[in-house]
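Below is one structure. I have some questions about it.
Which chain is which? They are A, B, C and D, in the order written, and residues in each are numbered from 1.
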Amino acid sequence: MRTSKYGVVAVAITLALAGACGTNTGGTTSGSAEDALSSENCADPAAVTEEITDELVVGISAALSGPAAQAIGQVLQGAEARFELANQNGGIDGVEISVIKRDDGFTPERAKTNVQALIDQDQADVLSTLGGGQVDAMSDYQNEQCVPLLNAISSVPKYYDPVQFPWTTQDLPAASIEEAAIARLIEERYPDGVEVAMASNPNESGQAYSEAFEAAIEGTDIKLVKNEPIVDPATTASTLEATGAKVLNIGGIGTDCLSMMNAIGRAGWKPELVIVPSNCTDAKLVFEPAGEAADGVEILRWFKEPILEEYEDDEAVLEYVDAVTAAGADPKSSYVLSGWAMADITVNALEEAAASDDGLSRIGIMKAAQSQDYQAPLFIDGVSFSVDGESDPFGIESFRPYAWNAETKKFDPVGEVISAD
Amino acid sequence: MELFVERLLAGVTNGSIFALLALALVMVYRSTGTLNFAQGEFALFSAFFAWWLVGTGLPVWAAVIAGMVAGFVLCAAAERALIRPVQRKSELATLIVALGLFSGLNAAVALIWGTDTKVMPSIVPNGLEDYFELFGARVYGDTVITWVALAAVTILMTLLFTKTELGLHMRAVADNAESAALTGVNTSRILMLGWGLAGAIGALAGSLATPLAPEQLSVTTMFPIFIGACAAALLGGLDSLAGAVIGGLIIGVVEAMVTGYVPLVGGAMQQTTAMVLIVLILVVRPNGLFGSKELERV
Amino acid sequence: MTAQNVLDIEKVGISFGGINALTGVSFSVGQGEICGLIGPNGAGKTTLFNCITRVYEPTVGSIRFQGADLLAMRPHRIVGAGIARTFQNLALFPSMSVLENTMSGASALGHTGFVASVLGLPASRRAHREIRQHAWELLERLDLIDVALEDADGLPFGTLKRVELARALIARPQLLLLDEPAGGLTHSEVDELGVLIKDLSRSLGFSVLLVEHHMGLVMGISDSVVALDFGRVLAQGAPREVQENPDVVASYLGKAA
Amino acid sequence: MSTVTDRERATEPRTERSPVLLAEGSRAYRIVVLVIIAGIIGLALIGTTLSVYRMSQVTAVLITAIAVIGLNLATGYTGLLSIGHSALFGVGAYATGILILDYAYSPILTLPIATALGFAVGLIVGVPALRIRGLYFSLVTLALGIAFPEIIRRFDDFTGGAAGLLIRSQFLTPPSWTGLTRFERGLWLYGLSFVSFVVVMLLVRNLMRSRTGIAMRGVRDHEVAIRSNGVDVARTKVLTFGLSGAITGYAGGLFAMNVGALSPDGGSFTLVKSIELITAMFIGGAGTLLGPLIGSTVTVFLPELTSTWTTGPISGVLFGVTLIVLVFFMPEGIAGRLQIIARRFVRVVPPDHPAARRPTTSTQNSGGNATGQKSVAAGGAEQPPGPNSDDASSEGSSR
């Protein structure tokens, strides 16, 4: 059999990765993030260092149609409101931001076509997207073309890696970080150890949460007694109830949390502590519909939100409410907020780039995005978005626990800020 | 014991929903000889309609009945205007029209009511405390109502087919539309009626299912239920009412038991296991458990 | 039972849902013979055809073709063994042209594998060409050249009856089962058909089992006739004898022959 | 096709509604074939001038078209309605992905294995077709379609599970003999897909013009009749489904190379994909040769088109309405309709067609359905069609 050059490379990498987990990161570059982040390997090296002077195009591929269209529309409303605010404030060093959106219907094929269209046809300088599958479909081309994909609203483990994916960042906390904080929280409450049951969805996010939680409790007194996929919530609830665990950790997305809270309520199971992940944050869509069953369920948050009583009069919150309300969006929607946050962190990186030696060029933007220490006005005190190359690729690493009060329909803080480290 | 009963009840409840929608599929099959791919989306539309009526202040039971009427009208109209003209062309053409309806109705729901999740209230009180115990397992009103609805619909349909002239005509049309027409049966009316009834049953299934569904009422709620109902109808035998009911219950219970008691397979392979089981049953009984064997006429 | 017979049917019975469609049917078709099979509607004529060609599975009895047990044969082997048939209500392939319909009748002759077909190997092409040439001959003979490239869907009934005949003939049968071939034909066309069947049977050397309501045709060309009613053989023998049999007359009473 | 018609119109005086007969193997036929081949090559070359993004879209069309050709074999030609081809597509895609990532295969060498696995899975699913028929068989395919994503998630050590597989571009570099760099792999994949599509289409054309092709269509049109004609219906069904799986699996392999990201969620290998393939097949024309290409073009470009002048759910409503309108006015699909129109002007006939052999005499016509076809030379009769043709013609003329 003829073995070609890339075959040899592939063998070497496969061997190197053989001991790792089941997921393939499949990279070739070795060495540090600085080495990885250069214009040399790019398809068009000259374009990478060129300064952006006329207009900065943010290209977004998102599901503008299909079942998630409404939620995603809200995310984009939030993001566009933040970019608009930046433009009103004089742009990025005088450069206006414009947004181009392409519909991917949540399918990887169309996200792949979109990333090519955004880069080749729309001449996008910076990209963003929502959802792990979309980043998967876009990451390779966008890294090869060296167009930054900034603060994708997703939390795929492999993209917290500036060596393998120097041109990609995500703004959600990694599952590993969030589950580590959850493990911290559980440890605080149960210093002598406790039995935990976990319910996770069978999709990518659930898999990530499960693996992360298992890793986070290693070496602690916390014992994971059972981890059930959420397929039929009622059956999952009764199976987990039978374990007698005192803590239930739910790893899933919005509807999983809603259905699991309903299911344990109806099964008559009252674990001492129920924790849901941050993407179940929406009060109106997740907690309110669950009614009584959601009472006391805890969640980690990092934003000052209009729905949190203690921040109702916060200056940053008021600014946010004004801006998104002017854009016709609902400030209490967690989707609008997450879009705003994505754009906010992106704008910070762009501003830092404009002030750096590399200027507002693609490489300058990416360097800024990889070493950012940003205390956003909307972050809860003690939380920041800080990344530093491969030594610290995770942005959000601290959280504050809140518990839902079904009677007042509000979140009440139940402890101080917890850090994942 | 308690765990077993809980799983059994969960399975029976899911199975009842499958069975209700499967009954709708059987009604359509018996009138038109096709599988209505859009049956789940008809139900979705009706359920959203009922949800909207509840929002206007109508009592839930009245809204559900109104939803059933809407389902009836919608389905009957679709049969008359969209299905009948193409039915003679080919089986595939009918299927594609149904696919068009599937996609169109789903998008229409999104267009009219938006894609965010709605909470459809239950006909009966379904708070956390509204339950009674059965062998230690909690039984809620909204699950009982699905069993009752299934039993009621099954009995009514059986009475319709066995005791009324209308039912006799429907059976005649199902058997052989041409000869039924020759004996003076108004086949056009019968076909619309068959679809209409399917639409109404489907609407009932949709309205009862959504308070129990993991995703509550959203544009994706009915598709998994439709798949379960398809499997149920085919397992039971496409032209058998009893088959649809038993098929639905089997699938619901098997899925719940597999999740609970076969750790190797577990929840991750729940549907696969059920489907493999169905295929094995079909290999032994190619026309489903209760379906009638078609005699080849040449 | 003599060695001369091509078809021996013995005590064949079949029932559907408790109703006996055929009961103890026995008769034979001799070599080169044209055998008429008559009886009122529902007498079991087509059911018997379906038993011979294994569309249905007889409950009891035996059917032998040139000594071989047909009931032990897989259904698609029947035509290869030498029995081709036509269908009462037409069983053509509506989306295929008349030519292709005709060619389809030769499916049992020789064998072309999937691989050879996909790759378009010479063997596959040759087989296709040879069958097509045979089809042209038959289409000319049956006056179907003008419609050869038309889809079977939408041609007149009488024309399609001839297409079915062509499709059966291309299999080079030794026994041809014709199910009401005169259906939908005018009087003069029926006469022509009679001559044609007789001619073909002579020149190509096959026997015929003929189901037909058109008594003139049956009595005109049959060497022997079997009369069925309620799934039983009422009478069999020379055409004249059967026609005059009182039971047969009774069963046809009120029917214009 | 239309150019030919114009040519013929210009050179031959002809009356209305009498199509020109074009005999296979004749000079005119060869010219037509050459024109078509030139056209195909021309189209292929035009494709290379497209932008990266448009070229990638065309590649997606070609890959979808190959998958639809596979579906068309089973569903369009043989009448086995499959709702599970998404899984066969996925089997091919995952075979390619896993072989590249875990076994360091060069991409193109994974394609035969993707094809073979597609064939094997197709065969296994086809076996129940021996007993289970019609919609009940569709349920078997539905089972496959539902099972596939669950299996992918369950065996995550092997498949990457829900997190999916990512094949990065360095694994997808074009072979060195092409002289293309890794940044030019769009061109390489386009070429590979184009050639694959043409080859697969030719193979299917061969098949459908063989006796096996007649048997397959017979199974669809009338199972009892084709069995009485001597076709082993069971064998035909199983092998057809296997072959269908092989072609769709091959397309899946190409898909993996083109998109590079495989996941059990997201619709690439779920029932959504099956519905997309069925829709493409129907829009193009079930049971036609060109249908899959036309249908895939529509399904790949239509969503982009509708999303430029509508937003959100309206495009979904439009899609549903379009589909229904199409069934009403073009139930045979676009290619099917084009074929019907083209047949009014030109009919390709076998070289031994009697009319093509006897250019001047119009055939006698005693059938009930006189179509008034007029045979026109069209360069026919220039060569003897075969050894038996003389016998046939003499027999014909003797009447």
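Operating definition for what follows: a contact is a pair of C-beta atoms (placed from the backbone, for glycine too) under 8 Å apart; a residue touches a chain by one contact, two chains touch by 3 or more.
Remember, it's a predicted structure, so these values are computed and weren't measured experimentally.
The fewest steps needed to get from subunit A to subunit C, moving only between touching chains, is 2. Between subunit A and subunit D, the centres computed from C-alpha atoms are 42 Å apart. Once the centre of each chain is set as its mean CA position, subunit B and subunit D turn out to be 35 Å apart. Chain centres here are Cα means. That of subunit B falls 46 Å from that of subunit C.
Shown for subunit A are the residues in touch with two or more other chains, namely 66, 69-70, 202. Looking at subunit B, residues 110, 115, 268, 270-271, 296, 298 sit in touch with two or more other chains. Along subunit C, residues 55, 87, 91 each make contact with two or more other chains. Going by the touch rule set out above, the chain pairs that meet are A-B, A-D, B-C, B-D, C-D. Within the complex formed with subunit A, the residues of subunit D that make contact are 51-53, 56-57, 60, 100-106, 150, 153, 156-158, 160-171, 173, 175-176, 182-183, 186, 255, 258-263, 265-268, 272, 303-304, 307, 311-313, 315-316. Contacts from subunit A toward subunit D in the complex involve residues 4-7, 9-11, 14, 22-28, 43, 64-66, 69-70, 73, 103, 105-110, 112-113, 116-117, 119-121, 132-133, 136-137, 139-141, 144, 156-158, 202-204, 206-208.
Residues 66-71, 202, 228-236, 238-239, 242, 254-256, 258-259, 265-268, 285, 289, 291-293 of subunit A are the ones touching subunit B in the complex.
Partner subunit C is touched in their complex by these residues of subunit B: 295-296, 298.
The touching residues of subunit C, when paired with subunit B in their complex, are 16, 46, 50, 55-56, 87-89, 91.
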